[in-house]
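Have a look at the structure that comes next, please.
We just call them A, B, C, D, E and F in the order they show up, numbering each chain from 1.
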Amino acid sequence: MSHYKATKVVIITEKLILAKVTKLIEAAGATGYTITPAGGMGSRGVRSTNRAAVIDEFSNVKIEVITGDKQAANRIADEVAEQFFENYSGITYLEEVEILRPHKF
Amino acid sequence: MSHYKATKVVIITEKLILAKVTKLIEAAGATGYTITPAGGMGSRGVRSTNRAAVIDEFSNVKIEVITGDKQAANRIADEVAEQFFENYSGITYLEEVEILRPHKF
Amino acid sequence: MSHYKATKVVIITEKLILAKVTKLIEAAGATGYTITPAGGMGSRGVRSTNRAAVIDEFSNVKIEVITGDKQAANRIADEVAEQFFENYSGITYLEEVEILRPHKF
Amino acid sequence: MRDRTQGRRNRITMDLLIDFLSRLLTQFQSPSLAFLIGGIALAAAGSKLQIPDAIYKFCVFMLLMRIGLEGGMEIRDANLGEMLLPAAIAVVLGCAIVIVGRYTLAALPGVRTEDGIATAGLFGAVSASTLAAAIVMLEEQDVFYEAWVPALYPFMDIPALIVAILLANIHLARQKGGERERVRPAAIIAESLRGSALSALLLGLVLGLLTRPERVFEGFYDPLFRGFLSILMLTMGIEAWNRLNELRRVAHWYVVYSAIAPLAHGLIAFGLGYIAHVLTGFSPGGVILLAVIAGSSSDISGPPTLRAAIPSANPSAYIGSSTSVGTPVAIAVGIPLYIALAEAVFGL
Amino acid sequence: MRDRTQGRRNRITMDLLIDFLSRLLTQFQSPSLAFLIGGIALAAAGSKLQIPDAIYKFCVFMLLMRIGLEGGMEIRDANLGEMLLPAAIAVVLGCAIVIVGRYTLAALPGVRTEDGIATAGLFGAVSASTLAAAIVMLEEQDVFYEAWVPALYPFMDIPALIVAILLANIHLARQKGGERERVRPAAIIAESLRGSALSALLLGLVLGLLTRPERVFEGFYDPLFRGFLSILMLTMGIEAWNRLNELRRVAHWYVVYSAIAPLAHGLIAFGLGYIAHVLTGFSPGGVILLAVIAGSSSDISGPPTLRAAIPSANPSAYIGSSTSVGTPVAIAVGIPLYIALAEAVFGL
Amino acid sequence: MRDRTQGRRNRITMDLLIDFLSRLLTQFQSPSLAFLIGGIALAAAGSKLQIPDAIYKFCVFMLLMRIGLEGGMEIRDANLGEMLLPAAIAVVLGCAIVIVGRYTLAALPGVRTEDGIATAGLFGAVSASTLAAAIVMLEEQDVFYEAWVPALYPFMDIPALIVAILLANIHLARQKGGERERVRPAAIIAESLRGSALSALLLGLVLGLLTRPERVFEGFYDPLFRGFLSILMLTMGIEAWNRLNELRRVAHWYVVYSAIAPLAHGLIAFGLGYIAHVLTGFSPGGVILLAVIAGSSSDISGPPTLRAAIPSANPSAYIGSSTSVGTPVAIAVGIPLYIALAEAVFGL
């Protein structure tokens, strides 16, 4: 199979705003996304997984979106940062990936 | 330490076929793989983590394989897609990474 | 927004030494890190997630550190490998990423 | 003269019906049903209440271990010869439900044959949660049943899954015009028994049979049974609602089938059980449980087995059918129906 | 003459005080408090003991379902007219606590107004774990209260959150000089009721009211109540300590407010409850629970609601205040205080 | 004449042996053993049944909290002077087992010295699940033991781990020819006490001693003890099998050591306990528990401690030995053996 370049947008942020972020992603035209539970440390302190999350919504999630459209990728990253990262903790970055079936993304 | 180029194959698919996929990976000569739990959205709908997974085997896993052999990486990605993604939901893609100890991979 | 190159260090190792590894990361000047639970297979055998982890500390974690300073990234990867991977199971590798707000990393 | 007889008959039928309906109505006060419906209502209202995955799995384990332990302890001095006929009925029913279901579904518009086969397979197989709910409702009303009846579960579950996989392979082979894949029933049986549900049930049976778990049974598994069932019912209710939108993507006929099939299967099983009652003295409680087992559709262990064995079948179709419609109907309508029927027929 | 009267009065006051203090002291033997303090001590000592997340969530579910079920079952033949005055007091208190708290906090040095509003919001809202602890302590001492009292919870919780969000929007609009965002109370109410805590409580209420869950209540939810509460108290203690260092990043005045506010709110509620006692015969146990509800600060459902609705407020400030200081004070000092007070006032 | 005495002696020995064996046999009906063996069998058969991690952790917490609470409540009016001699025996045994084990293992072919030291360390340390299983079996047979006996746990566990780490450092220093790293026993003691197992036990002890947890103990921790133990036994059985293949990678001598050592340690401890019985009236039940503690090998908290402190030791060797062979032998053979022995010796 021949391979194609695509972009992966990674967003690590509070679980609390997961629904809003995925809505933004879908609106940007992405065909899908993958979510993994995450903890971490950043400018806003430590977020743990695992132990009794008395306030569950404050732990992190990592959201990954793969898209063949570099513009869309940039847009997602920019918009998420703009809309959410003033008030919620989070980071976003982009990676280059190679995909097999371009019609899927 | 000097660093070497290697390839990471990422496979996101149903937990149900995890054993089959890892067998394929081992058969391709990879020295290891890493698995993380995942949820997501794609062409076959939403797969959640966390909430009572009445049918546990249908949630997603993310499998990452690092190998110094680009051919093997391509082979793994192609074979997984061919063998499984007609009937099971899943995606696969490749990334370039830099490793430290080439003998490990 | 304009984007900047940065480096992501990925460390996959035993949960048991998580605290030591994050200390090393902070000492290297990184501004944060992200942790995800992981299982896997490598030269030291299979590590499972999920099922009753009678000895919890032996399951894996994946630690990701993004930094704009390539030197620091190399240092983290090298030091983790040197200090821990003789006796503990683990791998480390680097990826290139594109970030939006360079002051954050 | 004929008219009067007719009239009297009508009146008797009428009385029976009213009696039956009033019995049916009281059945609906059971908290098991209430928790199931509560779960559906919560999910429908968009509630964020979730039962953690570990707790759900623990509930299933507790219920099956408890059913198994009790069965094992009481089987010790049971006459297992009595089990033969009901077990045979279970096997036959499991196979027949799948075969009839396969052709019924395939004949409906908009149903792909593979999807129909897999759906029929789940309705032939058995739901542990439905069985547990029935056991609690029988105990609430002190209805006796032979201790080995819950052990009929695998006798219907496994044959149904095997037949479904077999039918799927025949169909796919015909479609591709090639040779059909070998189905190895032994492998499917082993795989089924290794599933978490049947493993727990069988472990309980063996421990109950061979060891003396009376104290841990009476102090732990038995008293917590009812409570964990309520939590399981809640979870099944939430799940039923959440899976509903999968059904929206497939033909409406699945909904029709899933609403009718559980009751049809249950009533047929009731009839066969009645015959066993007449022939071998199978208890009324046993007849009810046999109907429940037949009327239930697998929601825990069946789906992954079929997904692995019939990969081309669309899981949205069969899981949606079983979890969102089949199970609620089997629990909320089926169980009260069979109990009320038994009250009318056997005069419990 | 005046001196003697004065002296006698002093002596009586003295006696009452000693009596009160000794009653207060015996309250501290309650295992609920002990588990809370044990959790704090363990976390402070760096213990790795953790209650798994699934178990913690299950504890909360069990407690609220149990409280709801009992309320529902007993409300069946309650005179709900009696509930009107206490419910009105709850609403008023919920709003007043937030408004007073907002201006008090905003007046303190180093407190950003948004952060103060959110903090006052949590102290106006209600903590399910504190309520459960109080219920167990009342039962331990056989203090009667009307079955609907725990159902006052949402009557104070929801108005408090709405007022906090409203005040925040007014403040932010004024700051930006622009128009203020519309607050839709209906949406906030719906959102609150959908939260996992209120969902469980309401589901329990409805099931208790409409079905017959007596057996599952008496065999499962009720006997396990006390035990799961002990585990929840342990978790809250661990959490209180772990959140303490968030408080280190914000002004010290939060600690002062969080230590005083629960008792002030509780005592005011006690007074209002006393008036209801005189006017409508509100029970002494009800007065205590009203005080507990008012004195508690939300630690499960309030924080995410405020984080979503007042994103610019710093969660370290309000969560630290509520979880690390407010809840321990409300449980360890507040509950014993109100019980001892009721003993003195009502002569329980 | 000599022959007849000899014959009579033989006959008496024979009688005792038969008596002993028949007692041993009845011990095997205990459900605790059955669940352990059931877990091994399930895992060996490839069953997918798994106890969720959160439930497993909760079981461990419940058991240790229950053991601690009971100990704490009964210690209140115990004569702790009596504890001195058994505690001293525990410390000495913990150290001696590790030292003897280290040289025994290092002398076996194919065993790396570090690995041998770590293995001996685990066998010197204590298994909470084994202890809990023994407590249930003693209660089943109404065998009395002093309430403080379970509190001997840390007196054997901690010294054993310290000695193992010490021996490892001496060995590694010698190997590298350099200076040996300082071992700080205080740090290791603190680290051990902070582990989740000992934390729960100690918290229970303190709460039992200082507060009045009778009701939560009798209504929750105590009645659920037996049930949660059965689930823990199942988990340990599954784990034992799953870890077996780690043993395949290391020398076979580990298996031999792990099968013999638990019984040898248990019998020596039984002997020392017997001396304490004669000297200070240490109860027969206490002697049994002391033997169980000595015969058990750590499977929860010991491994991470050693992995962190002796990083160069191969965990496959020591965890495989302890979890896959040591614990099953200690529970399935050891406990019945010591009880039967006590019946023979003390005529229980």
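General remarks:
As a convention for this text, a contact is a pair of C-beta atoms (placed from the backbone, for glycine too) under 8 Å apart; a residue touches a chain by one contact, two chains touch by 3 or more.
As the structure is a computational prediction, the values presented were derived from the model and not from experiment.
Under the contact definition stated at the top, the chains bordering both subunit D and subunit E are F. Chains that touch both subunit B and subunit D are absent from this assembly. In whole angstrom, the spacing between the mean C-alpha positions of subunit B and subunit F is 42.
Remark: subunit A and subunit C have CA centroids separated by 19 Å (rounded to whole angstrom).
The mean-CA centres of subunit C and subunit D are about 48 angstrom from one another, to the nearest whole unit. Residue positions 50-55, 57, 224 of subunit D each touch two or more of the other chains. Annotation for subunit B: residues 36-37, 50, 95-96 touch two or more other chains.
Every pair of chains meeting the touch criterion is listed here: A-B, A-C, A-E, B-C, B-D, C-F, D-E, D-F, E-F. Of all residues in subunit E, those touching subunit F in their complex are 29-31, 33-35, 38, 42, 45-55, 140, 223-224, 226-228, 230, 234.
Partner subunit C is touched in their complex by these residues of subunit A: 10, 12, 36-43, 49-50, 60, 62, 74, 77-78, 81, 91-96. Interface residues of subunit A facing subunit E in the complex, by the touch rule stated above, are 14, 16-17, 45, 50-58, 86-88. Interface residues of subunit D, counted against subunit B in their complex, comprise 50-53, 55-57, 235-236, 238-239, 246, 299-300, 303-304, 307-308, 311-312, 315-316, 319, 323. Residues 1, 3, 6, 8, 22, 26, 31-37, 66, 95-101, 104-105 of subunit C are the ones touching subunit A in the complex.
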